[in-house]
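Taking it in order: structure first as structure tokens, then the write-up.
Which chain is which? They are A, B, C and D, in the order written, and residues in each are numbered from 1.
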Amino acid sequence: MTVIFDGIASGMLLFLISVGLSVTLGLMNFVNLAHGAFAMLGGYVCVTLLNRAGVPFLASLPVAALATALAGVVLERTLYRRLYAATHLDQVLFSIGLVFMSIAGAHYFFGAQQQPMVLPEFLQGQFNLPGLDIGIYRLFLVVLSLAIAYGLNRLVRGTRFGAQLRAAVDNPRAARGVGINVERIFTLTFALGTALAGLGGALGVEMLGLDPSFPVKYIVYFLIVVAVGGSGNIMGSLVASLILGVVDVAGKYYVPQIGAFVIYAVMVVMLIVRPQGLFGRRAAR
Amino acid sequence: MTTYALQTRNLVKKFGGFVATNDVSLNVEAGARHALIGPNGAGKTTLINLLTGFLEPTSGDVILNGEPVTHLAQHQRVKRGLARTFQINRLFADLTVLESVTMAVNERIGIGARFWRPIGAYAEAVDEAAQLLATLRLLDLAHEKTRNLAYGKQRLIEIALALAMKPRVLLLDEPAAGVPTSESRELFETIAALPRDVTILLIEHDMDLVFRFADQISVLVSGALLTGGTPDEIAVNPKVKEVYLGEAISV
Amino acid sequence: MAFRKSVVAIVAALAAIPALAAEPLKVGMVLPMSGPFAAYGKQIENGARLYLKQNNDTLAGRKVELIIKDDTGVAPEISKRAAQELVVKDKVDILAGFGLTPSAFAAAPVSKEAKKPMIVMNAAASAVTTKSDYILRVSHTLPQITAPVAEWAAKNKIRKVYTLVADYGPGQDAEAQFKKTFTAAGGEIVGEVRTPVKNPDFAPFLQKIKDVKPDAVFLFVPPGEQTVAFMKGFAERDLAKAGIRVIATGDLTEEDILDAVGDNALGIVNSLQYSEVHDSPENKAYVQAYYKAYPKDRPNYMSVSGYDGMQLIAKTLEKTGGDASGDKFVAAAKGMSWVSPRGKIAIDAQTRDIVQTIYIRKVEKVAGKLQNVEFDKIADLRDPGKQ
Amino acid sequence: MQATLALDLAPIARADRWRPAELAFWLIPVAAYFIFPENLVLLTQIAITALFCLSLDLILGYAGIVSLGHAAFFGLGAYAAGLLAAHGYGDPLIGLAVAAVVTAVLGYVTSFLVLRGADLTRLMVTLGVSMMLYEIANKLTDITGGVDGLQGMEVLPVLGQFEFDLYGKTAYWYAVAVLFVLFWVARKLVHSPFGLSLKGIRLNVGRMPALGAPVNGRLSTVYTIGAAYAGIAGALLAQTTQFVALDVLAFNRSAELLLILVLGGSGSLYGALLGTIVFMSAHHLLSDLNPQYWQFWLGALLVVIVLFARDGVMGGLRGVQRRLDAAFGRTK
């Protein structure tokens, strides 16, 4: 039981750090490999507020998200928007360039060492039910992820903004024709994606650590979740994260000898079986 | 006894609960100029995809020159003499016209996977491609990149690529779609001038063209064959009139 | 830019002409200055530069020029390239640095062929010094810092140990060494697990350990976020309350990482050659000088390796009269001993590896700062990996 | 009909002739040897990376298969050659051959996995395959040496004559020679009917079956060839460095390679070579100037290139050529 719960929690962490990418890649069709750089920024903002300014953890989370979103908007306005029409490979080149710069920047400002992070008392420790040990922070992550997934899904599927966004991505010209402010929609969406990245980064520090190589260290995990879930599909990402998390943790618990393979093997198998991702739109051929 | 170049027997294709092709048994005589007409959404494209092998049927058979080809892949049917054009251009934007057609000829004569000698070393293929362009009066565009051609010319390349297959059966999927009238005449002349030993199945919206060109017409409605016959028979068929009522065409 | 030079000229310049004392001494360092191991490079550079600064950039009467090349961490072909260019292009007299084992292995043939002394300042695989006769090590070997904690554990009523190591070469070596020493001293290994190297979550393994209830867990993972993550999980699951202790090699609780691990690190027993709070006048002076030069960093064992590397060069050159040519230098360095901030150390005359005291320490708070407080030691330990 | 055919076939018939600019290009490695005699190791590694990049260009630039796991083949080739040399079979050319065969087999087998699905799926499947290989190599410490690296490689002289030396002269000429030969082969491949059909597949994969071309067969062939090329590049690195460590299989290597190719301009053999030269030289110079923060400047360079020189180095060169042509009133 505890193994399953840990798996769920681990999956939720995967979800949290990759959902922002799912937004920019899936909804805006922009291959933003600099996702991890935004997550790292969120992490540093959070840690700096905690350790230097003594801001409480829960208060520093939204600040981290906002600060990252702000950085995202500035970059979107100045740089990213020029590349919406570019090929995916150009976008990769560009965003990797940003990753390099962010790594060197973080190294310069914060040094190469791990950043310390201490959770507030009420999120530490665990409580024990018969046969089930629940880490409080893990539970916190699970609840928060579900809330985010629900909120995002509502936003994209159930609101005017979501409808406009989908229209703007599918056919920007037509969307402009019916009076949608495409630029604004894209900026807002990008802000949303980066805010989620920042939030995920801040929440991830506790379990993933934080140093300047963060953006490349976990890039593989972001990509796995988005690819397996089907890009742009929030529920897909959620379910994919859950499956990967549970299988990964269970694999490590029961057969640690092949622990490292599990996540990749599961990904490859899932992609072979469902090349469009779990909930991906079937490509019309 | 009539020989049939292309036949289907009780062909059915379902997408989930939706029946896109409903028990179609189509017979196209060898050498025929056969037209397949039907209103939008009648399932013409699905039928073409079943004939060429892009889709596999739920049940039923496709028979090419008397042999069942139902489970053969697209490229294998091409090797047996079934070529097609596409309703929306599927061309090679960055290749020149001559390169495109040479590539098609290479595939037909089976040298498409030769990897050592240069393209130019297989003169027979290049010559044949040039000949084909000459017959289609495209020779002066041979070294132009496909992307730089006018749309009407690009439609001709569509046909040239299919002809490079030396098909016994040629499926023309709305060859005039999107071509401005100023350029369409040349296109029709080219089609009309195709050799008689090539069986042609034409899918077309333009009724003028269909009645001028076809000697046999089949009418597809809601995935099923409504009727078939010569242009004269179809012209007076009340069922066809009913279907096309409101589409305001003069027959 | 270099222009064409005849090959003969290069060879002539390279040939071991006894250097004049007036000529500056070039030391080329190959270090990870960027990438995930950048902290290593920085610490080693800090230590080396500190020693040079204290000696006015002059060792044994020769002006010293330090050239640093980044090898980005684990990228042996870059390490080798850097070493080769330092020798061929920059014409350094001595190679130094080498943050990770593969870098040292890849560069060893360069030192061997060019007959240049190569001072290893961190790479810890036991076999490194066997790859060239010109290699001298001033840091430590993995078995050297693993065996002491195993011995200490066996002597101090820790009977049942569960080993958790990262599943890679050093992890496997540490596991083997620990098991060997610990069982030889009468201890029992009640469980062992190898975790994936890139492992963000220790939850499944910690759960297993909790189920087994050993006296202690022996931990060896790549220092950095892995240590942090393990100790967080350890605390979260209250394993300490279940009476389980953590013992580890001391590189996991070195000063650079300790703050990131936080209070969770309290009580970890570990073994290493250097602690910031080592009680000796040399170390007090060193720590003071370090903080003065680098107020943002904490001195750790890697910085001391950089410092001692330079000290070794100075002492050896004094003996050879400024001659840094490979054979003479290495011959003079063999058996050299001096007092380092970490205590008395020496270069083994046979293996050219380091002989030093390894301390058993416990993480405690000293004046509000997490520190490794030494409480036991194994003096003058040679590398057990070579016995 | 024959009489009406008045078409100059030269553009297609002689498309594969060597142009003067190409010959000039191949003088660069010769000139570099004399200009930078102290940087031969770097130059050697540029040549090896160029070969590696060429292999990705074949599958991505010509056939359109994206890959984030090409290092799988590079690493496998490196380990194949490394293990041979460590077990007494140190002849370099045999090492290359074995590496090529082994990687070709892996390439052929995995091509069936890779060809399923669209771009993102391909990226991830290739990535997954390479990560699994990495983990295997890491696990098999007894055979590969794990992260500490494979020890005990003894590489014999090339052709029994030329010993690998400290200055890297032998290694340089060896790598450049292998690069040239394989480039020559790739060039033949690209100008052959096979190469043309690959371009066709990349430009319009939907049309190819309708022309009777077995698309998957072609793609798995080129994937196999690309794999073998990558394997040879890996073997070259192992032999010239005389050492192999896990990083030959690392994700960074695949990602960096993709970067280099896009930088140079994919779909052009010279783009792959030029991209490598530009990227690695920039990397080297920047990291020499600023060992700690060179990544910042490299990143800035990439961003600027994407924003202002979108078609990569080759695109930029073509632009220059167009302007020159216009200036001299030439028509193409």
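Definition applied: a residue touches a chain if its C-beta (ideal position, glycine included) is under 8 Å from a C-beta of that chain, and two chains touch if they have at least 3 such contacts.
This one's a predicted model, so the numbers in the text were calculated from it and none came from an experiment.
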Chains adjacent to chain C and to chain D under the stated definition are A
Chain whose Cα centroid lies at the greatest distance from that of chain D: B
Name whichever of B-D and A-C has more C-beta pairs touching across its two chains. B-D
On a C-alpha centroid basis, what's the spacing between chain A and chain C, in Å? 36
Rounded to the nearest whole Å, what is the centre-to-centre distance of chain B and chain D, using the mean of the C-alpha atoms as each centre? 41
Distance from the CA centroid of chain A to that of chain D, rounded to the nearest Å? 33
Report, in whole Å, the distance between the mean C-alpha point of chain A and the mean C-alpha point of chain B. 48
Residues of chain B touching at least two other chains: none
Two or more other chains in contact with one residue: find those residues in chain A. 103-104, 107, 260
Show the residues in chain C shared as contacts by 2 or more other chains, in ascending order. 34, 38, 42, 167, 196-197
Strictly by the criterion at the top, what is the full list of touching chain pairs? A-C, A-D, B-D, C-D
Chain A residues within the chain C interface of the complex: 2-3, 6, 9-10, 13, 103-104, 107, 111-118, 124-126, 133, 135, 137-138, 206-213, 217-218, 221, 248-250, 252-253, 256-257, 259-260
For chain B, which residues count as touching chain D in their complex? 52-54, 73-75, 78-79, 83-84, 86, 90-96, 98-100, 102-104, 106-108, 111-120, 122-123, 125-126, 130-131, 133-135, 139, 142-143, 161-162, 164-165
Residue ranges of chain D in contact with chain A within the complex: 66, 68, 113, 116-121, 123-125, 127-129, 131-132, 135, 138-139, 206, 251-252, 255, 258-259, 262-263, 266, 292-303, 305-307, 310
Given the complex, residues on chain C that touch chain A span 34-36, 38-39, 42, 167, 193-201, 203-205, 207-208, 224-226, 228-229, 232, 235-238, 256-257, 259-263, 296-297
Residues of chain D touching chain B in their complex? 1-2, 4-7, 9, 11-16, 188-189, 191-197, 199-200, 203-204, 206-215, 217-218, 221
